[in-house]
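Heads up, the next two complexes both have chain A, just with different partners, chain B and then chain C.
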Partner chain A sequence: MTVVLQTLNGLTIGAIYILLASGLTIVFGLQGIVNVAHGVFYMLGAYLAIGLYPRIGFAATVAAVFALTALLGLVLELAGVRPLVRWKRPGMQVLVLTLGVAIIASEVTKLVWGPVPLLSDVPAGLAGTLTLGPIVYPTYWLFVIAFTAVLMTLLALAFHRTTLGILVQSIALNSEISQAMGTNAPRINSLVFALGTGVAGVAGVLAGPILSVYPTMCFDLLMILFVVVILGGLGSLLGIVVSGVLIGLVNAFGVAYLSGTAGNILAFAVMIAVLIFRPLGLFGRAGILK
Partner chain B sequence: MLTLERVTAGYGDTTVLWDVSLEVRRGEAVALLGRNGMGKTTTLLAALGLNPARTGRITFKTTEITRWQPFAIARLGIGYAPEGRQLFAPLTVVQNLRIPFVNKHPDRARWPAQLERVFTLFPALRERRRQLAGSLSGGEQQMLAIARALVGGDELLVLDEPTEGLAPTIVSAIVDAIRALKAQGITVLLVEQNAHTALAVADRAYVLEKGRIALERRAVDLARDPEALQRYLGVDADTARLVGGPTR
Partner chain C sequence: MSRRPAVGAALVAVAFLFPLALAGTRYAHYVEHLAVQVMLMGLYAMAWDFLNGYVGMFSFGHAAFFGTGAYAVAILVVRGGVTSAPVLLLAALAASVVVGAVVGYLSARVGAVAIFLVTFACAEALYLLVLTDPRGLTNGDNGLAGVVPAPLLGVDLTQPGTFYYVALAVVVLGYRLLAAIARSQFGQVLLGIRENEVRVRFAGYHVEQYKTAAVAVSAFFAGLAGALTALHERIASPETLGWAVSGDAVLYATLGGTGTLLGPVLGAGIVVVAREVLSDLFRSWLIFVGATYIALVFFLPSGLFPVLFRERRR
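This part shows the complex of A and B:
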């Protein structure tokens, strides 16, 4: 039974990783930049949910947090990232800029909400447990897995079936040529960036009742997210789903059978082992969203 | 229609183009010739905003576009078939064509007509419409590159080395297609290393040497000037005539 329970634990934490990594990896695929402030939107989502959920309910909280974190992401992209990208050599500059944003956000969070970790409540409708034969598991955790599965399916369909998705793919494949075909790449890049930070905010709302909410949470998940993104193959949507599940499972089993710190150590070990044989990650091909 | 005035451009610390001035008039086919590395592609990239000019002035119709973003320039009705095709290989033929269409045509109802138009010009693409661009043969890929430029590029078609690396029968098919487009009134700016092919299609030609315009001639005249051909392009005039030269 522990094996099944740990698998579900791994899928739940993996779902959070996937939600967060999706924005990181797509933005990297489009613009070749790493947004270190991505975790800020996750943290903001978690804190806002604590205040919002008791007042406006769970569904409205998810929607409101998505809208707000997407909007803030848009501001960061337009005011910070875009000028640097137009400057042509954006990699390191964006890294420093977003790191600065993350440090400031973390300190402001400490001032506003205090340094003590908080725990948000499980939404009333999703409280309790589900019993599946011999297995008893929290309903909310299963909901997080299902929510992520649905969202990622929709995202994949959007990339392959919609016109906007095809334009996004063409930018990832060859931004210059796509623009020479009339694609307003700067605008689409901003939109996708905002979508990614919005999803990160939602991930924060979902993670609140599972992981604790504290002012440096925007950094703590970052290292493991980089593992997920790199292991999956930079820019690959399918890659982060597979590697998110994999790292989630490694983490859950490592914690359950070895020790509390073994999860992260094992995650890095898996990444290094894979990169020796596949330097571009599991599904990595330069500049391709799959 | 397209005018470059004293354009200077380059990459990093290197200047590749010096004071390049040229003009493409409405309905004309203009060839930009020169040996490898003389700045032909750099000239196109400057005009398209993909590698903006450092100094000088670029005008399309009556609009100055020197500092415009590439997508905005493209939306003026300029189609571009880059050197080496540069198709979106993992996307299908139709998806490749769809990209310039949605960007350049506010009226989505014209999509079937646009597809029909390029499939009439290149019937081979009709059969391959659901295939991935990367799975096409070299000739079909070039047809798709020109077709992709044509969708939404009704005003000016910019073709960079459209016959590079193709078998002679395919080359003549491409040349025929470019002639047909010109007959439809589309303005063409053509970069070619192969002077014979270019002069067979063009009305006028510019020759670039070391990043400067060395010569501007009517295509018929240049094709009959063995000395100039030999000096700037390293081709034998007799060969040029044998292969066809200008036909009109």
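This part shows the complex of A and C:
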């Protein structure tokens, strides 16, 4: 029974990783940049949910947080990232810039909400447990798995079936040629960046009741998030789903059978093992990488 | 015409006379302690700059090398009872180079931006390992205190003043060595990799091997700075492996100017002193650090050094 429970734990935590990593990896595929401040939107989502959820309910909280974090992401992209993309080694400049943003955001969070970890409530409709045969499991955790599965399916459909999705793919393959064919790449890049930060905000809302909410959470999650993104192959959406589940499971079993930090150390070991044999990650393709 | 030799000589002369000017004043000990911090952090940032400025590899995990140096010394002193300074330093350097070779091996095979992610993950994994302390070596959260070496040939590092000159000698030597490596044939290949990796590969060089070696060289100097810091502060704490220390290297070097080797020392000087002042006045002084990062990217992307000394970035 423990094995089944730990598998579900792994899937839940993996779902959070997948939501967070999806924005990072697609933005990397498009613009060749990594947003270190990605965790900030996740943190913001978690903190906002604590204040919003009791007042406006769960569904409205998810929508409001998505809108707000997407808007803030758009501002960061337009004001910060876009001016830098034309420079020499833009990847490095964006890293330094977003690192600065993350440090400031973390400090401001400490000032506004205090340094003590806060608790987030499980939404009323999803409280309690579900009994599946011999297994009793929290409903909310199952909801997080289902939510992520649905969202990622929609994302994959949008990626392959809509015009916008095809344009995004064409930019990821070759930005110059795609633009020569009339694609407004900067606009699409901004849009995707904002969608990614919006999803990160939603991931924060969902993660609040599962993981604790504190001012340096935007940094503490980065390591495991980077492991997921690298393992899956930077720029690959399918990759992060597979590696998110894998790292989630490694994490859950490591924590259950070894110790609290063993999960993350094991996840790192998996990343090293994969990088030795596949430097571009499980699903990384040389053509997509910039 | 480069003004670098004159600048360097002037800096060393000022640094050499600095303790004499301070001697006898009330703050002599405190200022000297701070000056040693600046020099060691400068050496550490210089090591980062060698990798970023000369090879084009942006590491966000240099704390792994710095902390390895610090913990190698601390574990040998506290757990092993070894107090011979040369043995301690050699062991620390060997450990740092090994960690550097492993991190380098991994970083050499991934893309330019992914290096950031890989080095960060490596450093965080090491940090978690030290914090968890599965073998009872590192004393977890509290770190290892009491890192004091025995005197060697009349040089007693615990004497005030002595450490200052030892650190000064090490930093000057470290700079000369790194500059020599950058000028060597090995260094020229690294510069080539920074400018056009594909072309260097087509010229028949094993780019991965050069990159791995470059990370190991950088780890050598970062580990040296870490080992000396542990001896200077007499403690190795888990924070020396944290991301904030990795970020410090980036901050010092980008503020001072990357690709200059001396710029990072300047950057370290400014930030270490500013931190000392600001952290007393404001609890959230890290906001200044964040703002500095943002301002640098937009207004001073090549750092202070080229502006002050009118040198073009190489």
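Keep this in mind: the second predicted complex is superposed on the first by the 285 of 290 C-alpha atoms of A that agree within 3 Å, B and C clash if a C-alpha of one lies under 4 Å from a C-alpha of the other, contacts with A are read in each partner's own complex, and residues count from 1 in each chain.
Following the convention adopted for this analysis, contacts are C-beta pairs under 8 Å (C-beta built on N, C-alpha and C of every residue); 3 or more make two chains touch, one makes a residue touch a chain.
Please read these numbers as outputs of a predicted model, since none were measured by experiment.
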Checklist entry - Based on the superposition on chain A, does the combination of chain B and chain C result in a clash or a fit? => result fit
Next on the checklist: If we overlay the two complexes on their shared chain A, which of chain B and chain C does A:167 touch? Say first, second, both or neither.
Outcome noted: first
Next on the checklist: Contact-wise, after the overlay, does A:103 reach chain B, chain C, both or neither (first, second, both, neither)?
Outcome noted: second
Next on the checklist: Quick check on the superposed pair: does A:2 touch chain B, chain C, both, or neither? Answer first, second, both or neither.
Outcome noted: neither
Next on the checklist: If we overlay the two complexes on their shared chain A, which of chain B and chain C does A:229 touch? Say first, second, both or neither.
Outcome noted: second
Checklist entry - Taking the superposition as given, does A:185 touch the first partner, chain B, the second, chain C, both, or neither? => result first
Checklist entry - So, does A:279 touch the first partner chain B, the second partner chain C, both, or neither? => result second
Item to check | chain A-centred angle between chain C and chain B, computed on Cα centres after superposition, in steps of 10 ° | outcome: 90
Checklist entry - Which partner, chain B or chain C, is in contact with more residues of chain A? => result C
Next on the checklist: Once chain A of both complexes is superposed, is A:261 in touch with chain B (first), chain C (second), both, or neither?
Outcome noted: second
Checklist outcome for this item: Minimum Cα separation between chain B and chain C after superposition, in Å, equals 10
Next on the checklist: By the touch definition above, which chain A residues appear in both interfaces, chain B in one complex and chain C in the other?
Outcome noted: none
Item to check | Residues of chain B touching chain A in the complex | outcome: 48, 50, 69-71, 74-75, 80, 82, 86, 88-91, 95, 98-100, 102-104, 148, 152
Checklist outcome for this item: Given the complex, residues on chain A that touch chain C span 28, 32-34, 80, 83-84, 87, 89, 91-93, 95-97, 99-108, 110-111, 219, 222-223, 226-227, 229-230, 234, 259-262, 264-265, 268-269, 271-272, 275-276, 279-280, 289-290
Checklist entry - Which part of chain A faces chain B closely enough to touch in the complex? => result 163, 166-167, 169-170, 173-174, 176-186, 288
Item to check | Complex interface listing, chain C residues touching chain A | outcome: 52, 56, 58, 60, 106, 109-114, 116-118, 120-122, 124-125, 128-129, 131-132, 134, 243, 247, 250, 254, 284, 286-287, 289-294, 296-298, 301
